[in-house]
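Given below, in the form of structure tokens, are the structures.
Both complexes shown next keep chain A, but they swap its partner, so chain B is in the first and chain C is in the second.
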Partner chain A sequence: MESYKGRFEPTRFEDLTVTVDFHCHSACRFCIVQEGMNYFKGVPWELYTAAVDDNRASQRYRRVTFTGGEVTLESRLFDYVNYARESGSFEHIRLQTNGRLLANMEFAKKLVDSGIDEYFVSLHGHDAKTQDYISQREGSFDEAIAGLENLVSLGVCVMTNTVLTTLNQPHLADIVETVRRFAPTRMEWWNYLPMEDYTDERELLSPMDKLAPSLREALARARGYGIETAVKYVPRCLLGDDAASQDNTQPDVVIVEEFYDIYPKFACAYEAKCEYAESCLGLHHPYITKYGWEEQLLTPYPRTTEWDEPEYGLWVGSDRPGQADAVATDQPRWTALIDGVAERHGAQLSEVILQRRACVYRFEIGAGGRVDILLSARTQEHALARSASFNLHYRNLRGDLGDEAIREGLTALVKDVVNTVIERDPGGMRLDQRKGMVGPEAFRPRPKSKGPKAGVKSLRVLNAK
Partner chain B sequence: MSPPDQPPASTPVYDSPATGLVPASDRDRPINLGFEAYHPVRPIPGKVRGENLLWHSLLHAGLLDAWDDALHAIQRRLGRDRTIWGVFLDLDSGALAWELRVLARGSAPDIVDTLRETLAPWLELAPGVAATPESAVVGLRFDAQTMSRGRVDAVELHERATESRETAVFRVSAEARELVSRDLVLEPKRHIDEVLPAIKRSEVVNFAADKRLLGRVLIPELFACQRLHISKRRGRDALCFSGVNVEQLAFTYKRFEYPKPMLAFLTEHQAELEHLLYDVSVEYREREGRIVYPTTGFWGSL
Partner chain C sequence: MPASPDTASERTLLIPSTPGDRFFDYCLETYEPRGDPHGKLRGESLLWHSLELAGLPIEADAIFHAIQRAAGRDMTVFGVKWFDDRLSWEMYFYDPQREDKQITAAALREALAGELDLAVEVPDSIRYFMYSFDLDADSLARAQVPELNIYLQFYEGQGGHSYAVREGACELRNTYRFHRPKLEIDAILHQVRRSMYVDFSRTRLADIVMPELFECEKICVAKKRFADAIYYSGITVDQLLWFFDRFAYPAALRTFVARHREDFEHLMFDVGIDYLSGPDGQLVYPKTGYYSTL
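After this line comes the complex of A and B, so read on.
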């Protein structure tokens, strides 16, 4: 069975994130870069410029975000930013940073002058003691706060990002108090994702019965101050009045394909019962293995539509907070390929599911008739048909196929969709702009394994506790 | 006797790039542990049959020569994809064991007799035992010593009353008939309201005492499956995650530390086996507040 539930993939195609490199002068205890990504290099200049050039033509991305490691340490950062700015193809240029170097007003001003108008600053502790302990660098809190002050005085858009762990769980509302004077546009709360520490030997995973109340208090506090919030990787049903702030969408990241393979996957016991199962990831596997399924704590929202195994992955939803679960039929480029076909058959285009590996058109016809037409990258593999850019397949044929009228209706619909796509596909259409962009040259050699993979080995340890 | 559903000569049989492996064919109709046939989930060209995992497990255990002819005789007699094989790993001793399951078909001759007759050149099967009218499935277990003993004393009869979703499994020999398992089959996600209480109704794990334990038995990596077989056995419970993909099978090998050559074989041929779905079973019980796994196994069709 193929299920993509919980597979972590980019879903927000309006944002492009560029990993310049992975060096950092902090050493956050939860850092996923330290854990897994150290082996990845940044995006080579040629590939980056190709992506920007591509965007100049396609206008696909509205925002480019530079990240690392700590991207302010990179000597070539300004080359990257200048190239993006000069392309004129992005509405916003964002920097993801720990904010420490921004304590230097001259440097902060240089960044602002270069065209970076949005600053996504990490703040994991409410005070110096907590933040410096987490970052393992004395003075990092004071530097980040000074950086925020500088940014505010320069009049740019400031957002904060807090990774939720056992280390800051009791102080989440205090973090809101700490940053409210900067009037951030948005505060994001990202639950910690173990990459290679499956068994949480570092004890960073906070149990939901502790984390959720603490987070709810922080979200309510932010709401009271008029600060927008966004939460990632915490079950929606645990967010109380701020459930709509759950936003699990991800920008396109220009990075090696394997990046997504090391992300933990997710599951929820109530997947088939919950209205939000398509946008809420539930709990990640390492969490479930450590703390259980939380079946008493989670409360599914009753479904209003029939549940199906989500074999196509997360929808590409809107990038507005709380809208990630919006039904994604608003994909003009893609609906243009089959516009008008449904009407010719008295059918209805109920969904366009667009993700990195496929574009799926879901049609409903008559009483209970349904079929998906799937477009995947054109290859020589077996396919129902091929258009200039895609292999075409049909899937999930539903309905009483013993009924001749239904069978013929579905057959005619499938033929028409396939022929229309073949006719209208101009060629050169791509589902995933990045795929194949970054190859093996982007890896650092990994040290030789000293034994069985940590996760597997320590599962035994975990069971022996 | 020629095998009844062997592909005719005109059926395309694609060469496996790996020499010596049994190639997949367009005629394959693989079945799951519930004997439901399914369509392969990837195109067939370049793929190999799941039975290669069975042959390799026997090779690894040094038993391929002993069992090769006997198992092929069953495959020829009953037809391809009519028999289910299981390979089990005892997590304490590291020993492998196997099971075959055959579906009894209405008016067909007694399936125990058929198996007995087919295996007669190699071993004596459950003398004096016949399938009951309720027997839906007959199971035959064997291990490293079975061939040298030349005899299998008992078979397992899976019996299900009409209208019941529960199957009772009896181990039956000429002398005894004992209940060895009660199995309930549900869809893991759609039937979660029945799944959770059924798992928690346990004599071997006190789930109420520690909520974490459920995460150790309802393994999240395997939860995305098509059917969940919930079994209550003597001194242990088991979950069989039916209809998992080859990645989940590989996860199981790693998670439960299957013998390295078996993992290497699966890894080498993973892409050639990705058109199939597998069934993974995990037996468990609680010991001093922890979950221990006496055996785990996986299934495919012969």
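After this line comes the complex of A and C, so read on.
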């Protein structure tokens, strides 16, 4: 029932993103972790090193990204970077930064010398007046620009990131002009997500009739300069000639799970009509509440295939390093858990869908029969069954359940899958190596989130054994 | 209203699920529960809690128990209405194929005799597929219902008309149609925008088609005598909690459901919202309601 638009969980599995800690010397007006900085902590060293050690063997992650807060403020940053570099298991080491401290050439050089080869620098204004107003720190623009100059002179890869708000909406193309001399590899444009201010009391949400033309102009300008662009959280149909630049995926960030519970949900009135329903998130709820569904402004791309409720989000590719485009069932670590089960029931494993919080096996059986088995981290919450590492559920039943044969076939399949996973799960398996890196010890207590949970449909195989 | 309805009361508020439970939406169409019902609560717990919240004496419960006995467990849809800061109830009885003689208006009238007087006689020959009646503190105290709502189905599509039938009078009350929210968005928007009561030059669609409830199984758009209405069917307990907040239901109700959130997690709920433009042009919501089965 609930499409992925209701649950923000896009994932890229090849990137390991590490929050070293949560301090910042800017105070950006749109900051989405302003409050979170009071209780989020960074990844404990022991857990971080364990993940890197694991990657040395598995070669699962190609890139490690260090972020914060403002990660350059952290005295332990070089310890983290050195450990990653010395592991030899990452192709790239990236820094996500406001760039201010990089104005110091000595420091910038130290970063580069440590092995950081990619710099994702935030730039939210085209000039000092705008940027300093947004960051609430005088001189922050000049420092960031000086930092970019230093990075370029050091010959490393530079990217920029701009958060789209009412504060910079009129000047997006001007930002392109400002940074073009640095020849960034990529400019990313992330529409503002209200995470602690759903009612937009700060008035940062820019209406699409103003934001979209301004953004289109910026994208066109960047394209003219040969700069690759990526846009998040703006409907694809509003991006004009640069629609293909929409990219709503995110690498996972190692952070307390609760962080994701405060992400706003998304919806689009035209979801079922649009060819890109599976990748375009539409508009987030706070936006719709404030400005409406934009049903006049949005123009769905006609679908070429029948729409089906996309339950589990974007396909994230194989878990084989560097083979993200492999076929949907090429998840060797995960198919091993249920190898042979489908065949025993004349069924077919049609997809293995990996998410940050779940692994979903999708089975097809008979004429139109379908069921998904979902593995999530083992907890004491209700589950159909538990293996050593996981809670198991099933959901998304399809087929005529009134037909005894179909119902029995699905029931037997579900039982077999569940029992096989229980039998083969050696324990200690994680959906994501990063899971568990930040546990309860890593943040100060606060009220438990009450976010909605995904539904299951019942086949009444509750005692699977 | 009593301050703490979940504590000291003789009324049993928490009705546990049983293995034989069936799960119906407010159209009495079955759904698969969202999780294992074992150890959870039945939706009727919301009804008993609402009676407690409204301060009704426990004697009022006898009528609802009689209805449950007469119609069969799970077979009555109840709506709890929130109007003018007061709670009231509507009980719905479905039999679209007219297969069950036990549940015709005439049969129910007979079955409830002595408990509740259904004053209106509706002949079985009328091809209704559903009927309902309203109850409030007064009618429960009098144990009398002066009016039945009779629903006649469209030939195609899910929807119909409803009439209020009193002794010697019959009045068209409501025309409504159900839609699948995403696949039939054009029809939903069309229906919502055609309104005699809403000034859309001053009203955003999102104040009616609400993103927080849009993720549901069915949306029903209704045209009533004095307002329009929209119903969201098949929502989660979290959406129900959002609905309680959005429409300023009594804090005690929200607290009750939040406290038992996990006990209601396996269920799907339905909610309805009447709306119209007020004198100043702003959208107002005179009446809302939530539904489950008894």
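Keep in mind that, in the parts below, the second predicted complex is superposed on the first by the 325 of 465 C-alpha atoms of A that agree within 3 Å, B and C clash if a C-alpha of one lies under 4 Å from a C-alpha of the other, contacts with A are read in each partner's own complex, and residues count from 1 in each chain.
Methods note: a residue touches a chain if its C-beta (ideal position, glycine included) is under 8 Å from a C-beta of that chain, and two chains touch if they have at least 3 such contacts.
If you're wondering where the values come from, they're calculated on a predicted model, not measured in any experiment.
Asker: State whether A:A220 touches chain B only (first), chain C only (second), both chains, or neither.
Answerer: neither
Asker: Touching A:L154 in the superposition: chain B (first), chain C (second), both, neither?
Answerer: So A:L154 meets neither chain B nor chain C here.
Asker: Which holds for A:L397: it touches chain B only (first), chain C only (second), both, or neither?
Answerer: The second partner, chain C, only.
Asker: When the two structures are overlaid on chain A, which partner does A:A385 contact: first (chain B), second (chain C), both, or neither?
Answerer: A:A385: touches no partner chain.
Asker: Following superposition on chain A, which residues of chain A contact chain B and also contact chain C?
Answerer: 1-3, 5, 265, 267, 269-273, 285, 288-289, 291-293, 295, 307, 309, 382, 452-453, 456.
Asker: So in the complex, which bits of chain A are touching chain B?
Answerer: Of all residues in chain A, those touching chain B are 1-3, 5, 265, 267, 269-273, 283, 285, 288-296, 307, 309, 381-382, 452-453, 456, 459-460, 463-465.
Asker: Okay, in this complex, where on chain A does chain C touch?
Answerer: On the chain A side, the touching residues are 1-3, 5-6, 265, 267, 269-273, 285, 288-289, 291-293, 295, 307, 309, 382, 384, 397, 450-453, 455-458, 462.
Asker: Inside the complex, what are the residues of chain C that reach chain A?
Answerer: Contact set of chain C toward chain A: 32-38, 182-183, 185, 189, 204-206, 209-212, 214-217, 234, 236, 238-239, 241, 258, 261-262, 265.
Asker: Looking at the complex, which residues from chain B come into contact with chain A?
Answerer: Contact set of chain B toward chain A: 41, 43, 45, 187, 189-190, 192-193, 196, 211-216, 218-221, 223-226, 243-245, 254-255, 257, 277, 290-292.
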